[in-house]
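Just below is one structure, and these are the notes that go with it.
Labels for the chains are A, B, C and D, by order of writing; each one numbers its residues from 1.
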């Protein structure tokens, strides 16, 4: 069951120094309004978990540009020169996680599992220091769950119970990050009454959602 | 991309002695027509992977009643007296797998992973002989992938590319079993042209589907 | 002594009082479904069925059953406004991930360590595990709903379960036709006794030591 | 020598000939997207983009871009009839589970063991991994699409990669502006040479031993 709050109230739920998950892929499906509110609130020292850091001036990149992030787990920074500069200057710590395995590790936490054996990155720096399992001649490495204190995600529409539907490819990391933290805050374009979303169309059930913020509110 | 075949042709794709996954929960969402065709074809010595064996005369139970199954991995047999009798007489071998972990193990295979650490069944017979991982005082057991030679599933509607939508709670194990075998055969009520299912509504993408059978055909 | 139906209502009613507004709840088959008939006024509770729904509603009117809407016991249900359907993989992810506030399950035995056994009597009855093993490790509160003794009057609440376990150290609350017992790190704490019986009878009908560390209330 | 565009077309066209009717294909950003412009007539190929679509279509007309339809490089795309959208978790499940027939990726280096390096030049460029590590272990065929040498003429096909790997023993085919090379258990097998060059030049431009175990064809 979700509570409707403002973007400012949402930002107050993110403590300085906390672990923050932010959804989206190259700013598509990113909670831009919540990011704006966070930047405005001046929250610092965040540990960020995201697919990429988007662009300098768009999506998650705004948190990087505002120097709100001190460390992160991301799969890619190639589209954001500010991230690359901060990384080079050692202002920003980065653990690179393969994109699909980032999703697996977050979902691993969300589904109450202790870890998974992944074939991804075997023989690469990603495998360093990780336990292995060999089965039928194939080697897998142990990947551990990733969780956050707060997850910020973006949906097209919610009902007041927190049931969510997305828009086309803006779905990307959203349904998975909804499982990644005890507090999931969803930026939505529209909030409707229960029953106005067909149960068949719900992608993220309300049990995963704590707060709803109308974009711009 | 899916090929449309008959139920008889589908049955011919299941070799005696093969590993067979069949979807449904207490016959809801089970591919009843495909099961009928299998029973009629008289295929024997199957290893069955399913949530339960449904009822003596309905759903997967028809395979048990026809003595088509020599061993199985299921979570539950409480609704099927024939299964219980065959199990007691040692005509049928059973590995009981917790229902959620059955889904995890099938999906583990379908997603190319080597195993997962599960908190389910620790301290119970399910944990016997399995490797463990302890993390933050919580113990997990290593669960391995489960796969089949053929998966039989049920959808409400498909397009000719194999994209699937389900009906309400008849969805249950279907989307996961669609990943469980190199050959997935889907019983459907209706086949439409590409474009007649909204991309947003597709639950199982066509890449997971090899064959479509119209119910009764 | 109460008859079977009266026991069922007594247990269901008492468990329902544990629910909070907005809770997501999974009820096992059999006795636990009675809980749904006693939701306290003024709160909203959402029922999950592990085969794939959040927002399960009551049984439909006769003749209005939908074969694609069934609960975990195979009985016909409805969907409330605001319900959602999902596959079994997602359903059990919600359960194990701690997103379900309470599960209520029947039990053959429970014990002082919070162990529960409800899936197998070796050599006799082996219905199987179903979703119970996932539910007991995943739900935030695990309530055992059971008759206090078996049909021969033998205790089902023991120092240590003798049957194969469904889960180890998972039960948080035991509600029977005789008592409400909390599982604590120190052992089983007797909180309430049904108004038709008394503390001495409860103690005599229980196969484990009961701690009485405060006033014992009554329920009916 | 060919100019950049001509090289791109040559490589894309040649890789497209590897496709079969009904293939599901993931094209990396940059050079690989050229493949989509040369699908042989009479076959249907379905493009996946790992951010969540199967059935990606060509770029929209100017002014008709939809911000919720982008490829893995951030460029605007369309959806063909019969497309499906899904989340990144499902998308990479399809990839790692072997449900994608071919991925085409750019490469900084590839080597005789089928190793590929395309995500980092220590001390210089570290754009990150993105989905490449998942793609190279998951797709049934992994095609490296690359210029044969770097801009100074140094070989990029080596006995052993010197940069951090993206995947070990994963590349099945290398297509460059000079040659088509299959990765076999015995080493790199030279299959075809571009019509603008010759075997000697290819061998001279390659930092690994090339096996010639049959007639070498040409492509253009």
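In the analysis below, a contact is a pair of C-beta atoms (placed from the backbone, for glycine too) under 8 Å apart; a residue touches a chain by one contact, two chains touch by 3 or more.
Here the structure is a predicted model, which is why all the values come from computation and not from measurement.
S.K.: Determine which of the two chain pairs, B-C or A-C, is joined by the larger number of C-beta pairs in contact.
M.R.: Between the chain pairs B-C and A-C, B-C carries more contacts.
S.K.: Taking CA centroids for every chain, report which one is farthest away from chain B.
M.R.: D
S.K.: How many Å are there between the centre of chain A and the centre of chain B, using C-alpha atoms for each centre?
M.R.: Roughly 32 Å, centre to centre.
S.K.: Just give me the whole-number Å value for how far the CA centre of chain C lies from that of chain D.
M.R.: Here chain C and chain D have centroids separated by 55 Å.
S.K.: Please compute the C-alpha centroid of chain B, do the same for chain C, then give the distance between them in whole Å.
M.R.: 29
S.K.: From the C-alpha centre of chain A to that of chain C, how far is it in Å?
M.R.: 35
S.K.: Quick check: what residues of chain D touch more than one other chain, meaning two or more?
M.R.: As it turns out, chain D has residues touching two or more other chains at 53, 79, 85-86, 92-93, 95-96, 137-138.
S.K.: Residues of chain B that contact two or more other chains, please.
M.R.: Within chain B, residues 104, 107, 111-113, 119, 168, 199-200 contact more than one other chain.
S.K.: Which chains touch which?
M.R.: A-B, A-C, A-D, B-C, B-D
S.K.: Which residues of chain A touch chain B in their complex?
M.R.: By the definition above, chain A touches chain B via 104, 108, 111-119, 133, 135, 138, 140, 144, 165, 168, 199-201.
S.K.: Which residues of chain A touch chain C in their complex?
M.R.: Against chain C, chain A makes touches at 1, 107, 109-113, 159-161, 163, 179, 193-195, 197, 199-200, 202, 205-208.
S.K.: Which residues of chain C touch chain A once you look at their complex with the stated criterion?
M.R.: 21-22, 24, 44, 46, 48, 53-55, 79-86, 90, 92-100, 137-138
S.K.: List the residues on chain B that touch chain C in their complex, please.
M.R.: Its residues touching chain C are 25-26, 28-29, 51-52, 74-79, 84, 87, 94, 96-101, 103-104, 107, 119-126, 167-176, 203.
S.K.: Could you please specify the touching residues of chain C with respect to chain B in the complex?
M.R.: Within the complex, chain C contacts chain B at residues 49-53, 66-70, 74, 79, 85-89, 91-93, 95-96, 115, 119, 126-134, 137-138, 164-169.
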